[in-house]
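Note that the chains take the letters A, B, C, D, E and F in the order they are written out, and that residue 1 is the start of every chain.
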């Protein structure tokens, strides 16, 4: 089981990553946008930080209002189009009222099917 | 005069209460820059324990209570929640430099109810030996939910109008569900149900009750630290929020005390129950209210309403409101 | 007939037990979409506290126990763990649409033991005033470890055969070590050792014991919430897992009850001990088993075995199994 | 102590970053692969998320089976070869049976010796 | 409110991200450096990991000395200069004595004003 | 001779104390590779609870204490803190292969005080029925702060000299503030203040006191696990640190015992107080000291000083120091 014939041919393919930092309170809505726009998965970590709208604590420390701490969500997609759609949709729908940022990055992936919309 | 003297005496004595002491201690060490922190997990657990105790206790005693007697106080609770929000919106409408949405949200938060303040009131009444109806803490949702709904509905109507839209559709049922699903109300109602339907006395008296006051002391410490920490946020917004937060809790409490007195005369609502009603009116929501309002009125700035509530409203309703309403009750009901 | 009537009465009465009430309450509020959450840190601490209490208690009382009497029940425990796994694998082998690896893992999990279910049984026996040997909870590892080892070894052999390999080498000692190092067994064994070798009575009676039932109530709440949450995972796999999980705990309990009865006749194993043996057989591992199996049988789908255990197996063994075996013991031993 | 003569000459060098999201249960095995293949360090954060194999909760909330939550591991290496080796080895060894993803990114580093295999 | 006329013109602009992994104990000092050098915001997550100076546990597990766990700080800035200044300043001021790493990455952002110094 | 026999007896008996048992148990299970972990949130909460209890207790009893009697022991505490640091730096200066900065930091850490060790001493004294002045635990900061300041100041001077600079400016006040703001001292002082100024007896006796020993047992478990885990770090540095850490706590305790004895003769400092003084001298800081030193002497390698303290110093001062000083006091004061 240790050796696959295709291993030697494992190659890297260009893909995009969208990173979103947003209030925990809208995290599930953002997840819905991601899936709707064709993202096949995403990774979430608890975050804190500072921006235009002041400081957000990490949820490590007792805060009476925990839901205002932030999360960092990242989505890897094979297709630049999908990444752009997710980014724009999130900015458009949420970031006039809620705190948060979005940015894109280049990545290289091996298993492209994991990151392409179920077509 | 005697009332004033009595109140001031009581007020001063209460500063020796460890509950208040921990609140002030928390503010003090935060002001001095202490690195002491109570972990978030502990805070969430403490809130759960307090609400479960209040719920179990209520559930157990409700079993043989005459729930009909609850009808009028429950109706008054709804009324108070609604009146507080209307009043708040009216007041903020008159004030210059106050963002509309922020006004709606702040009024909603002060109409809603704080479980922590309620817990302090219960301890204080026990200390004073003043009894109250077992179902009195269950008035909480009757005031909390209508206040939140009204604030969000009015804010949505306002927003829609501003945007030129005509038909206004707010999902009221959605807001009710969100409120009931919030961690505070869930725990309280679960406790009530378990108290009502299971033989939970042994677990209440051996576990939840003995830990109640101790956990409350730690909760007060956390709230004191947070009150101080949020003052700077409050400074970044119009000072009207702070002024409102300093006065409104007492006015709300007096309104509720008056209605409670009517219920006392009409259906024999107990003096302790009247105090509980005044305290929940005076309190402003700290756990479930903020996220509900953040979701419901997203254009409101959380620094305004949370700052006002955490840094001013809650300390005032705990440290000034509770002893005030107790002293008032002792005078009025000749306790 | 009388037995059935007695059982149904007991069964209905047990729904008034707060322990079960919290379990059902947890499922209910999860189903209603409550946002209440007990932090992970609290959950881990509660599990530690319960196991430490069971361990200390066992350790203290083992001091003057006749450990020779433990030999036969311990042997039976090993036997039961092995039989459950064989039986499970055999059954899953007959069922269509069941992945081989998933069957091995599920059988292993149901052969292994749940510390939480054991804790509930201890509380129930105390409530009923039924005594048991101090060392009975220490039968746990004798059943747990062989079950996990057997499942993993058989799965590995199967995998190797499939891959066409001939020599099969599974590191049994590695699995034993992993099991003993798991957080549940570590805490239990540490408690046993401390109870045995230190003067830990005061700390047991002043700290671990008074908190036991209260913490257990919260653990039940967490398990109830998790049981509901995982139902949708269970739906994504073959429904045979759910059916197995609903029936097997009772069959396993009956097998153990029978062997326990033999030990009662041969070496005077107490009725309470027989119930404990039946309950640990009926239980399925929730804390240590899943990671051990995930590591040992990586090709098995965790949704299948964890869903079956958490959403069906554990509720069944707690809510149906425990009162059933107590009622059975009362009939058989004329308690 | 505040001023180093070499500061003015601090330059940035191209390097690679490997990001791995995987089940906590195999985190230490992945760490071993990283070191074995020449990675000199790595950073781990607790994560949650969703993918092909369903949702993984963050460990913040009580979950009876905590070990199935995920971690996000990142490794910065000066040498593209090392990055590729780590990625391939992890995919090959673990990702047919365990949940997870791997991707590569371009980064720029200052102190190259910190990220090169001890040669 | 759902539709903004400018949505269709949302475009992506090149920008830089600085990532810093450092001991929690100096996190607030690093935040000060970021703001001083023109960063307008940053995101912090609790981290653990291994490097030259040994292992750092995540703060999830009880450690008598919690303050030595690490944090991962990321700062997105519109201007490469700012990113370089932040990186160099942090290395210069802290990384001869404290554990940590810094690296830069390319990102694409939408709302450039959020990431440019208040000029 | 009798003293030695008495000491060895006491020493052996103490291994049956659950407090020590948990410490050793923690080391053992860590050595065996157990996956048991107590979450960080629980650890922080436990430390808070212990210090709050010590503080409240002290505050309540100080009310009617004669604080003048505290003057000499407080002065001696400062003196001891200073002497320990000087001595440490002197010793490390003589040893080959010891980095200067590491020596300063290690000396500072061993001059500073451990709240956990203090808590164990209090429990042990209660078990032995040996009384002490209510204000004795409040000697803590008098020794802790000067030791940390001195170590950091001397390290800075040394660094400046090395760098060729002439004027040396260390912000002493900054270090004092940092120390007082640390989570341990904050909690202790807050407790003292609340005990002094509020009616906190009920909350102390109903909540903080009953949980004290239990939480201490868990803290010992955590410290035992950590002691083992850090041994490998200690191995990576010069072995002088381990040797120092094994001997210095006892020497420091003896010095303090001697000065305590003088205070006994001069101002009637109680035997229990003398033991407390010896124990805090013997202890080395685990919670607040390390971050203060990391910030104050950044060029020192934390593996050296934390490893030495956690893996060797603390176990020695708890397991050897405390029984030793108690036995010594029983001999000297004829208890």
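Heads up, the rule we're going with is that a residue touches a chain if its C-beta (ideal position, glycine included) is under 8 Å from a C-beta of that chain, and two chains touch if they have at least 3 such contacts.
What you are looking at is a predicted structure, and each value in this text was computed from that prediction instead of being measured.
Asks: Following contacts chain by chain, what is the lowest number of steps it takes to reach subunit E starting at subunit C?
Replies: The distance in steps between these two chains is 2.
Asks: Touching both subunit D and subunit F: give me those chains, sorted by label.
Replies: Common contact partners of subunit D and subunit F, which must touch each of the two, are C, E.
Asks: Suppose each chain is reduced to the average of its Cα coordinates; what separation in Å results between subunit C and subunit D?
Replies: Distance between chain centres, rounded to whole Å: 37 Å.
Asks: Any idea how many Å lie between the Cα centroids of subunit B and subunit D?
Replies: 47
Asks: At what distance in angstrom does the C-alpha mean of subunit F lie from that of subunit C?
Replies: Subunit C and subunit F have C-alpha centres separated by 43 Å.
Asks: In subunit F, what residues contact two or more other chains?
Replies: 37-42, 44, 210-211
Asks: Two or more other chains in contact with one residue: find those residues in subunit E.
Replies: Within subunit E, residues 45-46, 59-60, 105-106 contact more than one other chain.
Asks: So how do the chains connect up here, line, ring, star, complete, or something else (other)?
Replies: other
Asks: Pairs of chains that touch, anyone?
Replies: Chain-chain contacts present: A-B, A-D, A-E, B-C, B-F, C-D, C-F, D-E, E-F.
Asks: So in the complex, which bits of subunit F are touching subunit B?
Replies: 39-42, 44-45, 48, 177, 180-183, 186-187, 190, 193-194, 197-200, 202-203, 206-208, 210-211
Asks: Would you pull the subunit E residues touching subunit D in the complex into a rising list?
Replies: Checking each residue of subunit E against subunit D gives 19, 21, 45-52, 58, 60, 70, 72, 84, 87-88, 91-93, 95, 101-106.
Asks: In the complex of these two chains, what residues of subunit D are touching subunit E?
Replies: 2, 4, 7, 10, 12, 15, 17, 31, 40-46, 59, 76, 105-111, 114-115
Asks: In the complex formed with subunit C, which residues of subunit F make contact?
Replies: Residue list for subunit F touching subunit C: 15-18, 20-22, 25, 28-29, 32-42, 210-211, 213-215, 217-218, 221.
Asks: Can you list the residues on subunit B that touch subunit A in the complex?
Replies: 37-40, 42-44, 222-223, 226, 233, 236, 286-287, 290-291, 294-295, 298-299, 302-303, 306, 310
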